[in-house]
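First the structure, then my questions, so here it is.
We call the chains A, B, C and D, going by the order they appear; numbering starts again at 1 in every chain.
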Amino acid sequence: MKSWKEECGVFGIWNHPEAARLACLGLYSMQHRGQESAGIVTLKEGEHIHHKGIGLVSDVFREADLARLGGQAAIGHVRYSTTGQNLLTNAQPLTADLYHWPIALAHNGNIVNHDMLRSDLKERGSIFQGTNDTEILLHLLSQHRSSDLVAALTDSLVKLEGAYSLVIMSNDKMIAIRDPWGFRPLVIGRKKIDETTWARVVASETCAFDLIGAQFEREIEPGEMFWVDEKGEHSKIFSHRERRAHCIFEHIYFSRPDSIVFGESVYATRKQFGRQLARETSVEADLVIPVPDSGLPASIGYSQESGIPFELGIIKNQYVGRTFIQPTQAIRDFGVKIKLNPQTAVLKDKKVIVIDDSLVRGTTSRKIVSLIRQAGAKEVHMRIASPPTVGPCYYGVDTPQKSQLIASKYSVEEIGQYVGADTLGYLSIEGLFQVMQSNSKTITKSKYCAACFDGKYPTDLFGLDEGDAK
Amino acid sequence: MKSWKEECGVFGIWNHPEAARLACLGLYSMQHRGQESAGIVTLKEGEHIHHKGIGLVSDVFREADLARLGGQAAIGHVRYSTTGQNLLTNAQPLTADLYHWPIALAHNGNIVNHDMLRSDLKERGSIFQGTNDTEILLHLLSQHRSSDLVAALTDSLVKLEGAYSLVIMSNDKMIAIRDPWGFRPLVIGRKKIDETTWARVVASETCAFDLIGAQFEREIEPGEMFWVDEKGEHSKIFSHRERRAHCIFEHIYFSRPDSIVFGESVYATRKQFGRQLARETSVEADLVIPVPDSGLPASIGYSQESGIPFELGIIKNQYVGRTFIQPTQAIRDFGVKIKLNPQTAVLKDKKVIVIDDSLVRGTTSRKIVSLIRQAGAKEVHMRIASPPTVGPCYYGVDTPQKSQLIASKYSVEEIGQYVGADTLGYLSIEGLFQVMQSNSKTITKSKYCAACFDGKYPTDLFGLDEGDAK
Amino acid sequence: MKSWKEECGVFGIWNHPEAARLACLGLYSMQHRGQESAGIVTLKEGEHIHHKGIGLVSDVFREADLARLGGQAAIGHVRYSTTGQNLLTNAQPLTADLYHWPIALAHNGNIVNHDMLRSDLKERGSIFQGTNDTEILLHLLSQHRSSDLVAALTDSLVKLEGAYSLVIMSNDKMIAIRDPWGFRPLVIGRKKIDETTWARVVASETCAFDLIGAQFEREIEPGEMFWVDEKGEHSKIFSHRERRAHCIFEHIYFSRPDSIVFGESVYATRKQFGRQLARETSVEADLVIPVPDSGLPASIGYSQESGIPFELGIIKNQYVGRTFIQPTQAIRDFGVKIKLNPQTAVLKDKKVIVIDDSLVRGTTSRKIVSLIRQAGAKEVHMRIASPPTVGPCYYGVDTPQKSQLIASKYSVEEIGQYVGADTLGYLSIEGLFQVMQSNSKTITKSKYCAACFDGKYPTDLFGLDEGDAK
Amino acid sequence: MKSWKEECGVFGIWNHPEAARLACLGLYSMQHRGQESAGIVTLKEGEHIHHKGIGLVSDVFREADLARLGGQAAIGHVRYSTTGQNLLTNAQPLTADLYHWPIALAHNGNIVNHDMLRSDLKERGSIFQGTNDTEILLHLLSQHRSSDLVAALTDSLVKLEGAYSLVIMSNDKMIAIRDPWGFRPLVIGRKKIDETTWARVVASETCAFDLIGAQFEREIEPGEMFWVDEKGEHSKIFSHRERRAHCIFEHIYFSRPDSIVFGESVYATRKQFGRQLARETSVEADLVIPVPDSGLPASIGYSQESGIPFELGIIKNQYVGRTFIQPTQAIRDFGVKIKLNPQTAVLKDKKVIVIDDSLVRGTTSRKIVSLIRQAGAKEVHMRIASPPTVGPCYYGVDTPQKSQLIASKYSVEEIGQYVGADTLGYLSIEGLFQVMQSNSKTITKSKYCAACFDGKYPTDLFGLDEGDAK
């Protein structure tokens, strides 16, 4: 069984009288990073209080829960899980009452050598509660003899390989850690309380700061451990790597468009992807339409660069529930139709460019093209604001196996035929990095992990890719 | 106590083996017309089966419910209710086992003389179950001696004044009725079963037909009663009025942009409102941004007409739950912020035109303007793609009392100061009707009810406006 | 379709600051009379507030419900229903906002001519909401022109035939009514508030008075209408019949043993049945054991009369849930075993007399006898503390059809063989009435309805027995 | 904070195609031993499947759960917990996927040296999930290097002091263990499948065997480890103590009357306690009545010995829910009244002996005496079928602190005055042991722990009694 891991969002706040409430709001603004479970742990008079649940943040946290959580510091987590079982056991933050301190831990990423580490720890007598790779760090800390948490972390982290943006809380400090590659985002800011005091906040994305009225300061550096305690603030680099491996997909799809990620506006980057796509794959057409909502910023960029009018040719149903009835007598293309309705009034007899952020399996794109044609479009030109996806992610993103990635097997032309478009165009890898570079003079290609596009995984994969090799 | 009524959506299907399922999907696509309760009644071997519940369509109907409903014909209803009590009692379709036939009834609109009719009926011994104005028609039918439903309806409808788009089912026919003014939309179409057979469908909006793969044919005419039974299809005009009173607000806000309403594409109309608004209220600016999602089509039109670039300056949180925690220590403008986040990366140092579909109380607009300024905009020009709202609606729309409509008391300039915009501009009433006319040569100003803008109510109000007069 | 009706319990309280709460407790103590639904209606400043729900009283009423109910007067109802559908619609008290007054109505009994009355009312235009026979009275009142509720009731009640113990509340009075036969019990009492004031209470059984600390005064007389309003208390006999028809089964099984019913202690009566049974059906044995809990009082009486020791030979599982898993690989006599466990330590090698209150179908008795034998009993003598059940009840009790009553087809000897007992003995009808007479000098055989034993139904049955005749 | 532990019931079955279902029924019959949570773990093709939940067995296990559990072997647990928090985390069976085998563990009892062991294990790096003393054994096994579970258990059990009846399952065996004192019951039996095959079953009480149709064979011996695997059955004595310490309270109150516990019928023992009580505390009276249901067997014995008639003077409400509303305006003695109703018809003007199994705080007895007097009794003589309770239990029973045990502070005469009885009588300690001895020639006083009556705790208490000493 392959171990597919998940996207997550983390949050932390230190020294605020409404810590639990603000943590809740911070998680709420990062709901797009994980919808399966949510949790918060607070620090209240030296003790940890926690509340976790299955579902959306707004379902999991009620006023009574927040009142019980209280506290002057809090860390939180939202999680998207692919495994049906043990949802609550694996929900984060993970907590344990270790010999020296209580500890709570929220993790975004994936430890690629977790199988090996887990087996070692079990042989030494550790009892694992869940199947979560994050639990390994708890046991490494528990096995460590030192009463100095920062020392124990420093020793433990060197054993981990992979992606980890962590927010950790003990009985007297909050710690933010980013792996040496900097795969996943982690930002730091502050929220003013009064003229002389402020709270320290950390989050996966800056949109969390916007909602709670905090100011973004900087990213936690790759390989940095940053902590706050009664004595003040501290930072150290626990590991150094020459290159970075920021996840390029955060800019393509994961992050909210209103976040600043790896130093760049996501919305601006996506629009630039659209502009670059227009330059690379121009075609004569009457309209540019987005696949809502993922293709929206790129299609605005495409329209502005090409001068072809931007229209809402596909309307999204605002009330799509999680599960819903299936028609036993198939309505054609039902699965997509329940969410998206291409409108004849806009599309009839038109040459249409339809833009999405990425194309993974191709099944949904195929249905969208079909629906646009049923609405009367004369020509359908599909444009994808990222390169062909050829490899799975092992750094904390839920992706299909390689064999299910259509671009790992077929040419762009073949994919175009499969989805039924008159033409299909992707953004080139060169174009992608050109956008990232032109955005900021200081960022070079070597700062990003684009393994899903170019297959160059920055770390050893410890056999995680074996299933795909077959 | 004033009797504020609600928006609703109705649906009906006759002669289809998956009647319940398609009714469910039809309601699902019209969820925007009512989110409080949903219900379906089917006709199964001459008997009515019903299922109603509080909540969204996807919550109310489970597979087991649909299996139980079965049937070859079905009518359904979604409802938005403002009164907390007796939600389920008032949920529609209403049903009754009358002496001559079982009857089920789904209603969109509001009977303005319902208080008087109800009092009469009670004096004659009728027992009312809910506070719903629709129940009146049930009792009028029950009191009627005839076993001919069409005759009983014809006699009963003449007693009703106001707005009613009705779908009714007995043990042997389905009937669609629209009031003589044509206040609310009601369309008719057909869904193909095989080469020679098709099912008859009616719905409030054409988007319901799109989802189930049915074809739109025409509107039910104002004053028309249309019915299907074993013998075939029938239509008669039960009442005639010289003018129409189509609700202009369906085009401004209520209907889904991908629907065809009163013969016009809603999306196209809204874009035209935006273009006309640009012509009437031009101002120098760097960007046009919509208030998501209501201002989206108009802002595309405004941008196209003015040539000022369209941008997504405000990002909407996709996971807004119905109820959520409130910060005890106020985060500034929290109520709007939880839904909408203006992004600094787009707005900083820019002259911004922000567009919404309408402005009712002004409180939300004021917060939005404030948030845009906090994001660094240099100038904020608010544009409203409809005229000032000066009167409540008594024809089936939930609106605030007159005293709470800011435009009923203050000038445009004063409202602009209240919301804090550098300039505020509304679409003119003349501009509004010009758009409606230019859209279609056949439609004239006199075909629309715009009482919320001009105070000209087409019917007697039977004292419903007394509370407002004070 | 035969219309089988249900057992119920009714309660009313007038002029008490905790009316809702005491009504809730009163219903709780009468939970044995109906477990499917419960409801309370209060009178609060001239208006009715109601709360009804499916389930036990302790599930249906929460503190928040009681707070909302409030009021100085309240009526309530518990109901056992055999029909799965529309449970909540049929739950009582029924309420309606009639032209002259709001009305709430709680009913125990069954109107035997309800089909005829319902058809008449529907033809005259009344719309029925449920299938409840009680709703007929609501419509009779609604059709009545008079604004005088007592007059309207007097006119309406004469049209009803059958069993009805009613508690009714309008906006200014509470009314208790018992049918002219006095089929079902209805008692009246008072609860002291302070030295000079007291509240008036009515209930199906006196155990309701015990729990709330009220004093039992007397029965509502057959054919009596008793009411309280601002002016005080009033009583009138609206109909007179020469004989009574008190339900003998209230003493045999329905009522709680600690209630006083039709003027007699239920516990004392049941013990007397046991004594009489011992006199009539003596047999040599080592032990007398009850079927818990229904046979308990009679077996104490039997033991005392016969001198044979009383033992708990069958232990009842205290945690029997409503529904529970079934073994797919049959455990022998599982259905009874899950509730009752005969113990070998008591029964082994003993001659055992086992006593139950009644024997209806015989299937359960057969399993009990079998389990007692498995536990090692040498002889099993079954004794039933009532006569053979030969007829269904049409006066508000849920009984099987005649064809399923084993005593309607087979002799005592044959039934004894079927249940597998060494001997089987019933109480004789003569013995039954002898006990009732000896209990109280004033009560004679003609005061009771024992139609289930002797087939002598006091009223016309309006065809309700047709299904049984076949 | 003192660590009060709980009563529990355990069950195990090996080699039966309906293992999960029978485990469920076994737990159901032992519901009286714990109502807070229930759980089952099955062994299915070498893997453990588990299902645990808060609530009664009939609530926790649905058909779908049993289908998922499947398996040929199963162990289960019901638990009564006094701590509100972490109910589900502490629910048993506990499970862990250890290095050598998966393990599941169900425990009845209490480890008195658990604080010391827990601290040691945490210092060595073990992470505890709950506050359950049972978790200690999991960690001792996990820390053990051997792959031989029986060896690992033998080494681990010697570290535990206190009460433990355990049922354990790995991937290839089921193990039943009883501590060397034999505090808690644990019995073994077999259930026939066909002529040549049978399943092995273990349970806390024999009533579990009765329900599933299994035969009781013998007790697991104190200090015995019994296990079944593919090779057959095995037993070894892992520890030997000269005396026994069977819990005498199992006979007085805990166990079901239809169980055989420590070789004796519980019902017979309780009746004997009643007979002995009659001999020791005779008084002239008209009636003997039990406090339902706990005083029932003893009162039958008392009546038989004394010749004073047995009556049901107090009727129990069969529908007492777990939580229920409280009257804001106090009804006198409400807390007891909601459960128990003394009936005037039986008690008025009578001299009454009322019998209960034990008297702990005295508050309930006081209310019962008061209610009996309100019902008109002339004299009330309370008799308790066990000696005065002077010490808490530390061996797996939830008891109040010593200071709350009324007999630890007051004389029998003083307690009699407090409860308001005319006379109060307890069973003597000598009488208690005389009954146990006369029951069986082989059982002597030294075989029982009666520390709650005589303060002689068989083990070191490791400071658990410190709170009480103050």
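By definition in this document, a residue touches a chain if its C-beta (ideal position, glycine included) is under 8 Å from a C-beta of that chain, and two chains touch if they have at least 3 such contacts.
What you are looking at is a predicted structure, and each value in this text was computed from that prediction instead of being measured.
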Checklist outcome for this item: Ordered by label, the neighbours common to chain B and chain C are none
Next on the checklist: Report the inter-centroid distance (CA atoms only) between chain A and chain D in whole Å.
Outcome noted: 51
Checklist outcome for this item: Expressed in whole Å, how far the mean CA point of chain A lies from that of chain B is 37
Item to check | Where chain A and chain C are represented by their mean Cα positions, the distance between them in whole Å | outcome: 63
Checklist entry - Which residues does chain B have that touch at least 2 chains other than itself? => result none
Checklist outcome for this item: Inter-chain touches occur between A-B, A-D, B-C, C-D
Checklist entry - Which residues of chain C touch chain D in the complex? => result 17-18, 21-22, 24-25, 28-29, 31-32, 35, 56-59, 61-63, 66, 207, 210-213, 256-258, 260, 265, 267-268, 293, 296-297, 300, 304, 309-312, 315, 317-325, 327-329, 331-332, 337-338, 341, 343, 345-346
Next on the checklist: Looking at the complex, which residues from chain D come into contact with chain A?
Outcome noted: 96-99, 122-129, 138-139, 142-144
